[in-house]
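Same chain, two partners: chain A is paired with chain B first, then with chain C.
Moving on, here comes the complex of A and B:
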């Protein structure tokens, strides 16, 4: 279940000249569409489409107790669901390596950039804090899930509104306040795939089957790198990594304009 | 046959008192007619005197058979269909094939032409994972298990070329009446094309990108009339802007199209 051999051969041959099967340039994304506020019951939500890839992201904010080592900080949790509905490659059951990696790469970018000011999510130090849960649901898998989920997470977080509290400090169900989450910077993961020695952005499913290595680079508003993740078995040269970083920073700036 | 002619024929049918030729959209469970004079065809069922629709689609009557042509949907295997599949997995006694359907298919060892001694030969050497094959549906059991056979003169493994997927319901339109649409694309682009009934299309040739565009155009505008002429114009426009190649594989191409033409006749007969 890893692609069609003749199609991979063709994609590989095209890549040699820097061409792609759908006629895009190596550093060109498919069409991106972002809708926010699609789930009324969630504090924040977004539906992101990159080409035929579709991801639904929900942000839930709840009251919890802090971890003992960080009594005055809120908690960020993330998850990803790969539904069998999205692709015949996905199966039901406990999360597999792919979905754990997807959630962790998205999480790491946001966490390490301190994109959410967790200190501001503290209600009573050591007792009560806000927990922010971001959950990605893949609706259709046509490649480049990491970038789609990263984009959706940022869109959902930046439009999320804190829940309303009553006099006793309990959440009023079904109502939201006007207060946004304390977002300090926007983080976008951009995945660079290497196909037959060429670096390309936004690989489709068929291109993902063909690529031998991928590198995901998350960047902040100021262009600094906040997280990286390398996947698959191939090895990258220093020069390729530098090129990948340049591509990611440049594309990250373009993505920033969408939100 | 052109679109115009088919319309004329349908009109004359209506004039003769047959059921209206208007493209009526029906929904599942909709009462189509309450008579024993007609037989329920594809995507319809009878209950008492009445015939109901099973799917969302266009109502069509041919002779005394009423049927629904679905507007969209998945591939439902039928015995005798020529389909294109991808080898998913190799098992002890055969290959599991992805056929672009809700069910996976299986090629048993008895389904290939040669005799295989599994002690001496690895099944990998016949078909490996990711290989693209063109085979015939041998069995489709009530428990939804699909068996494919390669013991057919047309069955083969594709070793190069490209593949595109289209909606299964648009396959008859892509082939056209007596294969008119597909042979037009073949002739114009000088491509080898094989259409699987499951919506997978294999193409090979120097103008395959134009052929793919034409195939996708047919898929997108399948419901419109006069499509053959528009595809023809599109192909002329696209190919006209390209310098003609010195040598085209005319001979082998004709041979090939003859071979696949027989397949289309078969498809036509089935409709």
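Moving on, here comes the complex of A and C:
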């Protein structure tokens, strides 16, 4: 315990001068690596690493029935698994608030941007539609899971291929077509952490333990904002919110170049 | 622009707040904003069980948001959903900063929010009610928490979207605001807005929260004046 507290104090003291424990600048990410198509059985997949944080994202596409209020639209569903394999902090059991929030924040950015044109995922109005299910498996938790999952989701979705249909309109199991998903824009969530009054991007696990508030902002290609989510118990001023938005828009532009 | 229900852009639906509505709770409040009705009840500080959940340095603030099965047009399945889990989490984040938890180590303060009827803005109505219920329970607070959502309909910023408006706009930005410190403790958004729009909508929320704060103070005064004149 004492060791953790000493580290928190150190991180906090460094932050005051805009410095970080690993020498990064406040708006600098750790090294990012993106591999796509890593799971042949999934329609789309990506393994994303941000520093030591590692997330595996899979897209499954299946035929389903539409919701009664949107008979001519496909369906997007998101999940996130925070399994004990990724961190001693996680426990087995049904999804807890943390993993639900993670999945929902990533989902919201994509959904609100209409990044997937769900109208084009309709097969027979009122009867058959495509269901797109994106699931994140956190493999190693070293901080900033929202951004890692957001990046992985976009990487997996933009490289996914639709399943192949036979003459009767049924899915040919184990085969994919050449057709991509109808993607209209790319969306990236960027999370801003506040440590000792300073705003920083891409917090490590230790920095997350020290931050008192975070704000996730999802932006699309035209720079517009499609989702925001404040987390933790700290309070933000209007000025900080504006600064965070600027940081997220700028970083979003950089992340766009990676895909 | 006139809104469908005749309101002005910066006009909230009719707001009613009542404190001390449930007898068994240590504190309670009912907040009605238009057709949305939220009731909050607070218990504690009381000992937290099981003991391994206790915090030796401060009380635990436990927030539970739930919707009555009959609260919407289609029945809501009872029990927690993914949505309610997330709202419980952001509600806790919105409230925790103002509550004096330090003086009650190993204790829990339970905040239960029930949406009796839903017509947009349930999380914000719930936060307003919870803040009043905490104050009613006599728990030390550095501020009241006020909360409202705004959005953009037909190119114009509008406050406190109704159910009908929420359906057409798809843009919603709920905020919780601390009127004394002028800080924001709840901030979510879904929709598609430019930075300037976000700023405009946020400012509209803050003005609305300042109005709600007055109504909250009046509701608290009303209860305690009645109590002391007995």
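Simple rule for what comes next: the second predicted complex is superposed on the first by the 256 of 259 C-alpha atoms of A that agree within 3 Å, B and C clash if a C-alpha of one lies under 4 Å from a C-alpha of the other, contacts with A are read in each partner's own complex, and residues count from 1 in each chain.
Convention: a contact is a pair of C-beta atoms (placed from the backbone, for glycine too) under 8 Å apart; a residue touches a chain by one contact, two chains touch by 3 or more.
Since this is a predicted model, take the numbers as computed values, not measurements.
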First, second, both or neither for A:140, with chain B first and chain C second: neither
Touched partner set for A:196, first chain B, second chain C, both or neither: neither
Touching partner for A:12 - first (chain B), second (chain C), both, neither: neither
Partner chain(s) touched by A:3 [first = chain B, second = chain C, both, neither]: first
Which superposed partner A:88 touches (first chain B, second chain C, both, neither): first
Contacts of A:225 with chain B and chain C, given as first, second, both or neither: second
Partner with the higher number of touched chain A residues, chain C or chain B: C
Footprint of chain A on chain C - complex, ascending: 82-83, 85-86, 88-90, 92-93, 96-97, 170, 173, 178, 181-195, 198-199, 202-203, 206
Chain A residues touching chain B - in the complex, by the definition given at the top: 1-10, 88
Touch list for chain A against partner chain C, complex: 95-97, 100-101, 103-104, 108, 111-114, 215, 220, 223-238, 241-242, 245-246, 249
Residues of chain B that touch chain A when the two form their complex: 86, 88-89, 98, 128-132, 158-163
